[in-house]
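Next, two complexes with chain A in common: one pairs it with chain B, the other with chain C.
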Partner chain A sequence: MSQPEFNTIQEKPSDFTDNVQARHRSGLIWTLLFQFSTIVGIVALATLLATTINQSSGIVIYEAKVDPSSLAVKGVPLEDQSKEQLMGVLQANLSEGAYNKINRETPFEEQSRDDVYDLVIERIVKYQVAESWLLWESLTNRSEIDQIIAQEYPNNLVRFVIWFNWDFLTSKQSSDPVIAGVRSAFLGSLWTIFITVLFAFPIGVMAAIYLEEYATTDNWFNRLIQTNINNLAGVPSIIYGILGLAIFVRALQPITSGSIFGTVDPTTANGRTILSAGLTLGLLVLPLIIINSQEAIRAVPGSLRNASYGIGATKWQTVWSHVLPNAIPGILTGTILAISRAIGETAPLVVVGASTVILLDPDGPFSKFTTLPIQIYQWTTRPQDEFRFIAAAAIITLLILLLSLNATAVLLRNRFSRRY
Partner chain B sequence: MTKSNTDETEYVLETKDLNIFYGDFMAVTNVNMKVQRNKITAIIGPSGCGKSTLLRAFNRMNELVPSSRIEGEIIFQGQNLYAPEVDPVEVRHRIGMVFQKPNPFPKSIYDNIAWGARIHGFKGDMDELVVYSLKQAALWDEVKDILDQSGLALSGGQQQRLCIARALAVQPEVILMDEPASALDPIATLKIEELMQDLKKNYTIVIVTHNMQQAARASDYTAMMMLDKEGVRTGTVIEFDETNVIFTRPKDKRTEDYVTGRFG
Partner chain C sequence: MQRSNPMQKIVLNYPKTKTGLRRRMRWGETIIQTVLFLSGFFSIFITVGIVYELGKESMLFFTKRQWENTNKPLAAGIELDTTEFLLGSEGRSLKEGELIRLGLTGEEIMRVVSINGNTVVVERGVEGTQPKEHASGIQLYSATQVTLWEFISGTEWQPQIQKFGIWALLNSTLMTTTIAMLVAIPLGIGVAIYLSEYASTRIRSTLKPILEVLAGVPTIVYGYFALTFMTPLLRIIFGRDVVQIYNTASAGIVMGILILPLISSMTEDALHAVPNALREAAYGLGATRLETAIKVVVPAAISGISAAIIVGISRAIGETMIVAVAAGAGPNFTFNPFEGAETMTGHIVRISGGDISYDSIDYNSIFAIGLMLFLITLVLNIISQQIVRRFREVYE
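Let's turn to the complex of A and B:
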């Protein structure tokens, strides 16, 4: 791109080299690098989603321990039997003790026909996965799969299963991947995050207000506090787990186990409860919330503070009526980040004592607990393929939970932002 | 702070040997000046000579800068503003302030005015006060139909008059104005100046300005500030007199050079 008309004006030799093209070239190289980095990120995210979705559904061939057709009563197949007939089947195939135990837990009069049918499938038929394929194979390799089914499993139940389904969300834990669900882990995550936010949000915001608005003199003590908070944000999460174990599980056991309030969960009788987990995660995200809230408070223009002080407002009136309302969107953004961090944490909860198997749903801060990341971790370590499928389904659950919590925070933030 | 001899005191504000520091840096040195009741007193001078610092000392706003401190006294109606028993919140209630950049609250026009009165425990009719303050600030006709709209939606000149109305609503005795028109166009500036002439019937006004014509046009008294000595960056009032004296027969050579535009 030479511009000869410029040169004609100059009579003496120029002090500048003609480097416009070189400068554009280096600019282009950097632009390409930025685009490449973005593409790497997008590809990584797409791969993650694709693998998860690929693993979370596909064709499954079931193998029944007891052939359902053998359970027909007087020629009526299992699917069409009435509640009484199904109860007969249960009675005939289970020991008397097992049958009475079911009746004791939930009396048959209170169960619907479909409940009893599910019981028959779960206790007697006992479907196992004989062979399974991932979503991609199921879609692209259908003819081959059909061939295998025709040759090797002509009489078996074949289903296209989306492992992430309503039953999966609402079923309790089980050692059998076909009927295992994520309900207790889901509730555990919700309870834990609830405690975490309840603890960390008010304390974090109040600490940020104090540090930004009150501890403004530049002395060694304030600098020490600020430096410490900044460093705490970088401490590995497992360290917080050890801290939580020492403080909440051990030292504060009477409180965290609930024994001081007289509400001891008979299955725990120690401090490894939702309360301990929530407080530990609360400590973990506290520096994050403090630092982000400080940033938000600092971003409130000084002219607004001046305006308030200038008409004789006290410091507290200024903070409450002007600084906080204008900082709230930023504070909530920080809280979103903190929640995202807390909900995915696994390591500190392992140390604090998350249970891998719990049969009762958590129903309060003093329950034993497990959370979604713990559940996912536990399932992925199992050798059977099916556990990987439900782990993928649990990952989707975790992602959806995370996105909906964040969406709530974003909605709240937008509501506050539009107040004026 | 007690109101004493208000009717007899001719001077509302009086500084005595005032020095203002930021940390170890002495920003303003040895100021002795008197502000007369119901007059407009202008503070002029080159950039960085401490005009705003001096103005902010009058209602203890400079205390919001953590390292600042003062020596000497500022007497407001017989009472030293910096006496230990005086509450700066009360000082700022009695001595209001309007800033260089219009800074209305991000609230409705109504709330902008009502908020200040509310925090001071105003017991009267709030609607009446809002209307009265807006009328005093010559803004009522422009905003009477949009009181529930955000104060930030107004033009710059309207915003500045809203800020003046907000300051008036808490019924101060003195209004400090820190270059109130420097961010405004000439027409909006003219409106502010006309407004000041109306307001001085009821209030005492101290204004900092860069604009010498503005000081000449609008003020009754003028304090000329200048950096004290070459090399020592500390400002002081080198001359304080009636405005027409400052602009026509200044005693100090530096003042003459400055107001005639020969330097500064």
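Let's turn to the complex of A and C:
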């Protein structure tokens, strides 16, 4: 009687077991997909680094404007000449005015023999890149490159150049990629960040203390400040650049150009200075510093505060002697991370008005400026290959700077972090 | 006999100084609190500054009158009181009600009342200017203004001929953003699910810092990467004739890589916040790992994941250096991802990169674009915060 019903019950478990395999199969496929996306992320990072390194060194064939062998004096080749002979070469090949100008800027008596030799190379020989290969080609395709060199450039200077080198770090900016360096840009970055920290760190920490320790009642005003800070953290950086252009460069020009302090000539001064750039970046990182500091202050346990109040301390005494000392490692870590964000920022500084040509190193808040990322941007947008190479070298400089900052942050966090 | 009250005695014996048990006024504390308050308030000041400056200069952008040459010459000289005169037949024809002046620096402004062939009837000396005599042959300039409607509906951006249609720039911003999100959303969520639901603690603690490094690389480096690696790669795959040197596809893909860590870390936080009890319950019912992840954990964390996606979109819209380097310099209204097209941010960077003059329409236009950008990202950020606040599942 009940046979058919029994049958249907028996069939159900077999359905159930049948699709377990299919479910596991689709589970496996998706697992592979999830792993694949993770691998894509890592491969992207690796490719980015590989591209940069690949571009930053390789075989270069130089072409000299004046053949160095023609500059030999009495059979002594250029490399072996004394300082006086080299000065003679300079005098013979440069115009009177140009020679005197060099002497006026840095007198020859104060220059070493090697300095004068560099001058001869820079001003007279003027090496240009005739042809170049990237690192990968230079390593794997050596025989073919040697063939091309032998056929087309038998007499040229051929070097394996690592563009990221000491000369590159210490030379000043130049329109010639062979001798250009990042010293001015590096110093510009340091100056800008110095001003950024000076401006944003105190205000950021004080704002965080206010929000965490004083604005404890949940009223509309405190909520407004908190929401506002969260929103500011999401505003695109270029908007801060526009704000900086309108306020610091234009409206506060007398201050940011330094003309009211009388340090610069008011007729040529403009607001596109390190001070404007630093303050603009300060506005940009302020929300980040506030949010990070708030988290650090929040992590200090309430029992510490209560113990302090219990022995009669005032609010500020509690904050200053108990909350801040315990929160400072977290605050510093957060600040360093915010700074490394600021160091990499390019867009706002382009808008504020970084200079394309810097002949002198920045020497104060009222100097014109360029920074490492801006230098990379300018070199990247040039059509010639050589500029790509030095852009890659500048990227390596920037990444090393950022990596050391982040390492400091991690060290700070590990060294001073406490568990309650 | 009078009984003494012991309490009274104590009170009377208490030293008569001004120190009471009342709370003392501490001026130092008050000053410190005020300074701290002002620091907190400073952030409001920044927002007000942004809105005020962007608004003010955008207003100038929409109200500034520009004089455009109609190439139409005056056929005969006119007197102080002439209101009807003959014009040459060449050049652009006039419209009724238009404001005109004779010569680019002509002081007198006239309003066109009616046009009959080459004869035009004008109202002389409007807007407080005085009628003047004009010689024949002077060319007519007509006043143009950027209207809000032109700005938000136009598809052509050419400041030289007074065309300011934001869609030429907005379109390419949306293109790069779409491409970036096509890369970043699936990969980012995939990475997050893998790290949160599949990876062992050891793998997780190695992979997370790597992704953080990816997030910490400056965007200009990504721009360099797009130009020196991604564009050549695309040109090899799709052919040199198809892919231009500057194109939105390359910029978009690299931007997706930039945003991947942002989305994956926010998504992972959201997945991590889902309590283990839910997972265990799912396993207890016989669910596989995938079913637990997709059908239980992800739906429980959906508010956090949507917030991550919206923040990612907002970041992509505001991203500047990648598009400035790789997407092309020149507004171009196109839907072809292999063509160069300038985005809003890219345009701002290019225009302000040179020595820009402060009273030019170009200068005002970057504020109008900036305002647009600010509003879009602000709305997206507010939406994401609302989603988190309203739809968050709270577990004990």
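By our rule, the second predicted complex is superposed on the first by the 362 of 420 C-alpha atoms of A that agree within 3 Å, B and C clash if a C-alpha of one lies under 4 Å from a C-alpha of the other, contacts with A are read in each partner's own complex, and residues count from 1 in each chain.
FYI, a contact is a pair of C-beta atoms (placed from the backbone, for glycine too) under 8 Å apart; a residue touches a chain by one contact, two chains touch by 3 or more.
Predicted model, so just to flag it, every value in this text is computed and none were measured.
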(request) For A:322, select first, second, both or neither according to whether it touches chain B, chain C, the two together, or no partner. (result) first
(request) Look at A:129 in the shared chain and tell me whether it touches chain B only, chain C only, both, or neither; answer first, second, both or neither. (result) neither
(message) Contacts for A:286 in the overlay, against chain B (first) and chain C (second): which applies, first, second, both or neither?
(response) second
(request) Please indicate which partner A:26 is in contact with in the superposed arrangement: first for chain B, second for chain C, both, or neither. (result) second
(request) Name the contact category of A:179: first (chain B only), second (chain C only), both, or neither. (result) neither
(request) Pick one for A:216: touches chain B only (first), chain C only (second), both, or neither. (result) first
(message) After the superposition on A, what does A:304 contact: first (chain B), second (chain C), both or neither?
(response) first
(request) Mind telling me which of the two, chain B or chain C, contacts the most residues of chain A? (result) C
(message) If we overlay the two complexes on their shared chain A, which of chain B and chain C does A:314 touch? Say first, second, both or neither.
(response) both
(request) Mind sorting out which residues of chain A both chain B and chain C touch, each in its own complex? (result) 314
(message) Quick check: in the complex, which residue numbers of chain A touch chain B?
(response) 216-218, 301, 303-314, 317, 321-322, 326, 420
(request) Note which residues of chain A are touching chain C in the complex, please. (result) 23-24, 26-27, 30-31, 33-38, 40-42, 44-45, 47-48, 51-52, 55, 202-204, 206-207, 209-211, 214-215, 224-225, 227-232, 234-239, 241-243, 245-247, 250, 283, 286-287, 290, 314-316, 340-341, 343-347, 350-351, 353, 373, 376-377, 380-381, 388, 391-392, 395, 398-399, 402, 406
(message) Which stretch or stretches of chain C touch chain A in the complex?
(response) 26, 28-29, 32-33, 35-37, 39-44, 46-47, 49-50, 53-54, 57, 186-191, 193-195, 198, 207, 210-211, 213-214, 216-225, 227-229, 257, 260-261, 264, 288-291, 294, 311, 314-315, 317-321, 324-325, 345, 348-349, 352-353, 355, 358, 366-367, 370, 373-374, 377-378, 380-382, 385
(request) In the complex, go through chain B and note every residue touching chain A. (result) 59, 61, 64, 66, 89-94, 96-99, 101, 103-107, 115-116, 119-120, 150, 152, 163, 166-167, 169-170
